[in-house]
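One chain, chain A, links the two complexes that follow: it is found with chain B in the first and with chain C in the second.
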Partner chain A sequence: MDVILNQLFAGLSMASILLMIALGLAIIYGAMGVINLAHGEFVMLGAYATWALQTFAGINIILALPIVFVAVALVGWIIEKVIVQRLYHRPLDTILATWGIGIILQQVVRLSVGAESRFVKGPDLLSGNTQFGGLIMSNYRLFVIAFSIAVLAATWVLMTRTEFGMRLRAVIQNRGISECYGIEANKVFSLTFAYGAGLAGIAGALITPLFSTIPTMGTGLVVDAFLVVIVGGLGSLLGAASAAVLIGEATALFSMLLNDTLGRIAVLAGIIVLIRFRPRGLFPAKTRH
Partner chain B sequence: METMRAQELHSFYGKSPVIQGVSFDLEPGEFLALLGRNGVGKTTLLKSLMGLTDGCTGGLVFGESNLLSLSTSQRAKLGIAYIPQGREIIPGFTVRENILMGTFARVDGRREIPEYLFEMFPILREFIGRKGGDLSGGQQQQLAIARALAMDPKILILDEPTEGIQPNIVKQIEEAIIRLNRERGLGIILVEQNVPFARRACDRFMVLDKGRVVVSGHSKDLTDSVVEKHLTF
Partner chain C sequence: MTTRLFYDLAGLALFAVVIVLGVPALMGFDAFELNTFARYLALAIVALALALSWGGAGLLNLGQAATFGMGSYAMAMHLKLKASGDALPDFMGWNNVSELPLIWVPFHSLAFTLIAGLLVPAFIGGLIAIFMFRARIAGVFVAIITLAFLVAFQLVVIEQQGITGGQNGLTGLAPLELPGWSVDTYSLSFYYLAAGCLMLAITLGLYITHSKFGLILRAIREDADRTRFFGYNVANYQTAIFCISAALAGWAGMLYTLVLEFASPTYMSVSFSLAIVIWCAVGGRDSVLAAAVGAILVNLLEGKLSDIYVEGWNLMLGVTFVLVVMFMPRGLHGLLGDLTNLFRRGAGKRRGNRSAPTQTAKTGQEL
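== the complex of A and B ==
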C-alpha cells in the first residue's frame, strides 16, 4: 500500500511539471493555432538557465524562478517576433519552423555548454521529507506541486480576469473586429507566446533536481505535454490539469506494476482508446464558433 | 475636430481593384449616406477606411493623419468607430465585456461605460451579464453601436445597421443614429438600403456603382428619379 501511495505522490509531482509545460503549449495553440515544437527546448533552456544561475551566481532554484521565467519568455518573444509571426497565415509551416528552432536551440546549448549531463542541487530550504505514516513526501516535490497549482490559478486569473486576457480572448474569437477596437493582435500574440515560453522555462527550472539536465531533455517532455493537451481537450485549463494528473499517475502506476517501457506502452495504448471515444479530449472548449 | 478626406481611393482584394477612384470629404459632425445596389463596393469602401482590405492606394487622411500608413488599431485610436455588417459582437463575451472592449480604443485609457448608452438602449442594462451570442439580432446591433460609442469616437461608420432586424427595434436604432449625429455631433458614414431613412438622416449622399461614385449631393438632391435610375433593380 505504502509503495503505491509513494508512487502516486511521485506521479503527482511529475504531473505538475507536465501541467506547466502543457499549459504553455495549450495557450500558444489555442491563441495562434501554432503547434510549437520548440516548446521542449524552452523547458531545456529553463533548466540550463537554472543550472547557470546556480553554478556561476550561486542563486538557488526558488530565487532563480522569476529570472528564468523572464529570460525564457524573452527568448520566446524574440522567436515569435522574428519567425513565428510571419507564418501565422501558413500554419503547417509553423510546425516545421518551430521544429527547426528547437534543433537550433539544442545544438547551440550542446556546443556552448556541452553534451554531458549537468547537475542542479535542490534548495536547502526544501531538502527534508514530510512523512504521513508510510507515505514519504520530499518537501521539494511538495513545493513543485503547490507551485504548479499556483501557476494554474495565476494563468486562469490572467486569462479570465485581466484586461490582457480579455484582449487575447477577443482576438481569438474575431481578430478583425478586435483590431477595429484598438487591440493590436500582433502584440497580444507576442506576449502570449512569451508567456507560454516562460511557463516552459519555469517547468525546466523546477525539473532540474529531479531529471538530468541534457540538451535533448525537452524532446521527451514535450511529447508527454502534447499528450496532456490532446487528452485534456484544447482550450481548457481544467482539461489540461486533469489530463496532466491522469497521465502523470498512469505513467507512475504502470511503471511500477510493469516496468518503464511497458508502462509507457500501456499509457499510450490507453490514450489511443480514450481518443477513439472522446476525440476532442476530456473537456473540449464549447464556445468556439 | 478633424475632416476625413478620401482622394482617388483605390482598394483591392488580391489584385482586383474593388474601389476604383472614390473621393469624398466628411466634415466634422457631417452625416454621409452611402447608397448603391448589392455588390457595388459599399462594404469594401467602409473596410478600406479601416484598413481591412488587402491594400489601398490614393489618398485618405483624417485631420493631419495619413490613414493609409496606419494599422487598423491605430486608425481606431484616432476616433474612428466601425460597426460592420452582421454586427460582429463577440458571442462569447458578456454584454458588459463587449461594451468594455470598445474602450480599448480610447487613448486616455479610461475603462468606464458611458451612462447615456444605457439610456439610449435600456435593454443592454437589463442583459448586462448575458453572453452577446444569446441576444437577438436587434439587441446585438444595439450592443454593437454601444461598443462603438464606448470608445468615444469622432466618426461612426455603420454598415447596414437595420438589416435583418425586427421593425420595432429598427425604429429605435434609426432614431439613435440621428440623435448621435444631431445631439452629440458625431460624424457618420452610413451604408443603407432604406432610402427614406437615408434621405431623412443624411446631410449628403453618395451612390456607388461598380466601385465608382455615380452621383452624389445634398440630401434634397436624393430625388425619386435618382433612386429610380441608380438604386432600383
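== the complex of A and C ==
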C-alpha cells in the first residue's frame, strides 16, 4: 500500500513539472497554432539562468524565480519578434523553425557554459521530508506541486479576468475583427509567446535540484510536454492540467508495474491511440466557428 | 513530354554524371573519401523518401528515422550472424540469451534480409498510415503521432538488449557476401553500388511524381476534401505513399549499415529524424532530386566544416535551417525556380509584357 502511495506521489510530482512546461506550450499553441519545439530549450535556459544566479550571485532558487521568468520571457519575446512572427501562416514550418532555434540555443549554451552537468542546490528551507505513515514526501517536491497549482491559477486569472486575457481570447476567436476593434494582434502574440517562454523558464528553475542541468535536458521534456498539450485539448488550461496529472500518474504506475522504459512505451502507445480517436484532445476548448 | 518532366530528366542526367564520373575523379579515387561519400548517398535516399511523402503528399513524417533504423538493423542482423558463424552473436551471451531468438533465424539468408529490409518498414509504416489516415488525421497531428511512434520505437529497441544489442547496437559485422563478390566498403565498386541504388531510387521517385498517382497525391496535399469528393479514396493513396516512403527509408538504412559497418539506436533518435527533415527542406521538399542533393550538400558541408569547428557546426546548421525555413521555404530547388521565373519575367518586361507579376509572390505560402 505504501509503495503505491509513494508511487502516486512521485507521479504527482512529475505531473506538476510537466504541467508547468506544458502550460506555456499550451498557451502558445492554443493562441497561435505554433508548435514550439524550442520550448524545451527555454526550460534549459531557465535552469542555466538559475545555476548562474546561484553560482555567481549566490541567489537561491526561490528568489531567482522572478529574475529567471523575466530573462527567459525576454528571450522568447525576441525570438517571436524576429522569427516566429513571420511564420504564422505556415503552421507546419513553425515546427521546423523552432527546432532550428532549439539547436541554436543548445549550441550557444554548450559553447559558452560547457557541456558538463551543472549542479544547483535546493533551498535549505525546503530540505527534509514530510511523513504521513508510510508515505514520505520531499518538502521540495511538495513546494513544486503547490507552486505549479499557483501558476495554473495565475494563468487562469490572466486569461479570463484581465484585459490582456480578453484581448488574447478575442484574437484567438477572430483575428481580423479584433484588429478592427483596435487590438494589435502582433503585440498580443508577442507578449503571449514571452509569457509562455517565461513559464518554461520557471519550470527550468524549479527542476534544477531534481534533474541534472545539461544542454540537452530540454529535448526529452518537450516531447512529453507536447503530448500533455495534445492530450489535454487545444487551448484548454484545465485540460492541460488534467492531462499532466493523467500522464504523470500513468507513467509512475506503469513504471511500478513494468519498468521505467516499458512504462514510458506504454504511455506513448496510449497517447498515440488517444490522438487517433480524439485528435482534439480530452477536453477541447469550446469555440464558435 | 512536359517541360517539368524534361527539367527533371535533365537534372537527373546531370546529377548522374556528377555522381558517377565527377565525384570519384574529384576524390582522386581515394578509398576513404569514396566511403564517406557513399554514406552521403545512402542518406540522400532517406531524404528523397521523405520528400515523396512530405513534399509530394503533404504528410510530414517525423518518424522517418524509425523505418530507416528497421532496414539498418535488418542488414546488421544478417552480417552479425555471418560474423558469428555457428556461434551465438557475442552480445547475446552478455545478456544471458542462450538460444538464437526466433526473429533472428531467417536472417541467415541474404535474400530474406534484403526483402525484409524493404517490406518490414513498409508493413509497419503501412500499419501506422492505416491507423492514422482512416481517421482522417492530417497536418500537425501526423507529425506528432509519427514523432511519438519514433520515440516509443527507439525505447523498445534499446530496451530489448538481448535481441538488439541495446544501447550499443550491433557491432563487429562481417562484410556482405553477394554472389561472386565480397563487398569491400572501401572500394570504387562499392561506391558505384551506392550510387546505383540512389539513381534507382531517384528514378522511382521521379516516376511516382510524374505518374497519375503522384498527381492525385498533390491534389490531396492541396485539398484532401475536394479530392475525396471527386471519388478518390484519400486514405488509400496516403497509405500507399507512406509504405513506399518507408520501404525506401529501409533500403537507405541497409545501405547505411553496409557503409558504417554497425547499426546503432542513434539512427532512430529524434534528432536524426529531424536532421532528415532539415536535408529535405534545404534541398527542396517538392522534388526528390532536390531532396537528395540537399542531403548530400548538408552532409558534405558537415563533413568538411565539423573537422574545423567541431562545436560550431551544429550552431551553423541551426542558423542555416532557420534561415531556409523563413526565407526559402521551398529550399534550393524553389530558389532556382524563382530565379528562372524572375529571369523570364525580366525578359518579358523588356518585350513590354507585364502580365505575370503575382506568380512568384504566392509560391512561399504553400503548406
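Points to keep in mind about this one:
Criterion: the second predicted complex is superposed on the first by the 286 of 289 C-alpha atoms of A that agree within 3 Å, B and C clash if a C-alpha of one lies under 4 Å from a C-alpha of the other, contacts with A are read in each partner's own complex, and residues count from 1 in each chain.
Quick note on the criterion: contacts are C-beta pairs under 8 Å (C-beta built on N, C-alpha and C of every residue); 3 or more make two chains touch, one makes a residue touch a chain.
What you see is a predicted model; the values in this text were computed from it and never measured.
By the touch criterion defined above, A:Gly182 lies against chain B but remains apart from chain C after alignment on the C-alpha atoms of chain A. After overlaying the two complexes on the shared chain, residue contacts for A:Ile103 are found with chain C alone; chain B is out of touch. Touched residues of chain A were counted for both chain B and chain C, and C has more of them. Residue contacts after overlaying the shared chain place A:Arg276 against chain C, while chain B stays out of touching range.
In the superposed model, A:Met166 lies in contact with chain B only, and not with chain C. With both structures placed on the common chain, the touch criterion links A:Thr219 to chain C but leaves chain B unconnected.
Taken together, the chain B residues at the contact with chain A in this complex read 50, 52, 71-73, 76-77, 81-82, 84, 88, 90-93, 97, 100-102, 104-106, 111, 133, 147, 151. Contacts from chain A toward chain C in the complex involve residues 35, 83, 86-87, 89-93, 95-97, 99-104, 106-108, 110-111, 219, 223, 226-227, 230, 261-262, 264-265, 268-269, 271-272, 275-277, 279. Of all residues in chain A, only 163, 166-167, 169-170, 173-174, 176-185, 287, 289 touch chain B in the complex they form.
Interface residues of chain C, counted against chain A in their complex, comprise 60, 131-132, 135, 137, 139-141, 143-145, 147-149, 151-152, 155-156, 158-159, 270-271, 274, 277-278, 281, 311-312, 314-315, 317-319, 321-322, 325-326, 329, 365, 367.
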